[in-house]
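Report on one structure; see the data block that follows.
Going by the order they are written in, the chains are A, B, C and D; count residues from 1 in each one.
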């Protein structure tokens, strides 16, 4: 799968230095890093060689696009520049929330699938839109937990669960995660992977937080597959008679 | 510190078999396992040799005691039986919630500290009671996240933070954790360790959940020490100009 | 304003009898009741005369429509049948969640505004979609708190606040409210009104719950306009010296 | 019952002026106002005559007491001063949280019951302590939703429900409420009344907030007795066939 064994995709924005970013990428264990086409020049000549040296794949994104037309153009430029069909499709609705514009997003996704891209759309937490994106051929859906960079975590876990039920493609929690428990929760809700940028790059210790997120994703995934205990209103004695070991 | 590098203490109640318990203990990386004195016979002859073989220390507990007097007697029996001053002190208030009785708990703690025990009381999430337990000489406080075996996680994170501010001794989240994100959150709130029983022993796959919890505790702790980003009402572009890499 | 002084719009679905519905409508103080065109026949001959007798206005809705085309046709039929331009526009995405399909909804809204309707769209809690609906001329936006009939309340209060900031038209919380505190919260988040159906019609005592909702909406609105105290991490003595009365 | 038909007890601390307080008391519909013995002089000569003129009963409290002994002495002084056996018993644990000290509280309560007081203890949200307070003869229990003046609402609704199950005496939510939906929620959890001070007296418009709280308490209580709909993961059509009116 495109997100690799680590199930952790990294964003590069917000890093203080190239070396801090490299340390964080190493610590995270990620195999896929998303890069905004419009920021590549700004990021300077060092970013791409560093990713190449680390053996990390690049996931180009269309950050900064506000219309389907703009995103489609940017996607084609990105494919030429990075020589990959893989695309994180972003079509933003406004500057304050940076939340996706669902109508433009769906139009762009449909066209780009036809153009041969492997489209991974950054979307809202709306289960109906997620299903429509999957229906037009997107290879995954990437719902926001909360606004980009907000650190609010997953504002509506119920909708993430509804998305998990609504689509057969992978679900990648993208945007809003602030700390390790947020990432673990994403996996416990059934997500296949998470994408994290600011929570790592802007932490006081980016490499430490990258390690934290690596553990959290592994832990959350394992908790999801290990069958957690049900929630109960009252207590259940861990050493009650009914639970007595049988040896 | 008594809880070891793993910062994960395990309870043994609820396990289906000795071998399942052994697998879970190995997977968890724990160095300290709590055992109810009143259940040792029920647990059969295999438990203590197994713990000894794994090099895991024993933390005797007074589960099943409802008064200070009963808990004090049980504590002394436990010290004789296990040859350790370490004690998880439980004085339960009722059978439905298994929540601690603070008044009895404080009385028992004060006496047992005088008697030379290293007292680790299972307490409510009340910051005032936690401070009084620390004041009488308890070596840590172990607040409940929610009722034992309920899997409800941490019902009142605010109180756990208030406890963290109220005492200088270690804080160990004990009871109620259901899944990995709960354990990560406990550490992010400033807890020094967690104690988990049912969430592991009663999971569909105890060893899988034990591994999940190990990662979650590590991840949560690292997130706590790495300085998370602040929460914001609006978005912060991860690739905004203000955040541009400076290389 | 279309929602009246009570700020409470009622739905008629789920009622056990016409007399129970009448009692609930009276108790609620509502001045506007929504009726599904497709259910009018099923509702029998008594519903419309009863509403007329109570002096309650009718808000036709397009419940049961899954495409823009279907909703547009139904809207025109409703206008003819009820002789009102007022329209609650519903375009549903799937049967399990009954959440709106944003793409179809926006297309239908744009057309119906052109056709002279006063369009009140039932929408998701997506602030970007809400703004686009306002931009094409909708007279209000009616975001879901959670799925219709779920009683889950407002799953994402943050998004309701973002919608409140994103549009200048009235915001009516529509769908998911289960109890009085949910309705009060909607108003405290800045909503101008709420629409409630199942929570009243399916309660054990519909008239009692209608009265409860009336009080809750009034209370929530007044709390919103009265300037609540800020949230604090620690306590603030209500009888501290700094707060001493000055008389 | 001591709290009257309004089910809303008011605190006087934090008011800006006597006339603002009078307005708020009138607007709230309260029949019982709590007054700190230690603040009566500070409140000036106008407070008691005003309460008398409004026909509002006084509930003396022991705010500012940190030990059982101090609270017992203060209680007796209050009984002499106000000529009432009714007592809101406060024994505070520390200045930052103003949370109760359960051990001191229970000791004081037991003695004051013996001394003939009608003891209404301000307590933690601990169900075991609540039951012990009821067992020694307290006439009600008054758990904190969150720290006094914090406006955080009810941090642990689960514990309030457990308290409701644990005792047969009235439960009055006391402390921490910030807005109308908090008060409604308290009633929906089964509380018999709420006590509010700062949320009203320190609001921008105290009389407006008092009216809001009056409606919220009525609405929450009615919602509690009217049998709310169950919570569902998916939607339930309000106009589905199964829900069709039968007339």
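Basically, a contact is a pair of C-beta atoms (placed from the backbone, for glycine too) under 8 Å apart; a residue touches a chain by one contact, two chains touch by 3 or more.
These numbers were taken from a predicted model, which means no experiment stands behind them.
Two copies of one sequence, subunit C and subunit D, touch each other mainly through matching residues, since over half of the numbers at the interface are common to both. Matching the C-alpha atoms of subunit A with those of subunit B calls for a turn of 180 degrees, to the nearest 5.
Rounded to a whole number, the gap between the C-alpha centres of subunit A and subunit C is 33 angstrom. Put simply, the C-alpha centre of subunit B and that of subunit C have 46 angstrom between them. Residues of subunit A found to touch two or more other chains are 96-97, 99, 152, 158, 233.
Across the complex, subunit A is touched by residues 11-18, 21, 36, 38-39, 42-44, 46-47, 63-64, 96-99, 147-152, 178-185, 187-188, 197-199, 201-206, 208-209, 211-216, 218-223, 225-240, 243-247 of subunit B.
Only residues 93-94, 96-97, 99-103, 106, 124-129, 131-132, 146, 152, 155-156, 158-159, 162, 165-166 of subunit A touch subunit C when the two sit together in their complex.
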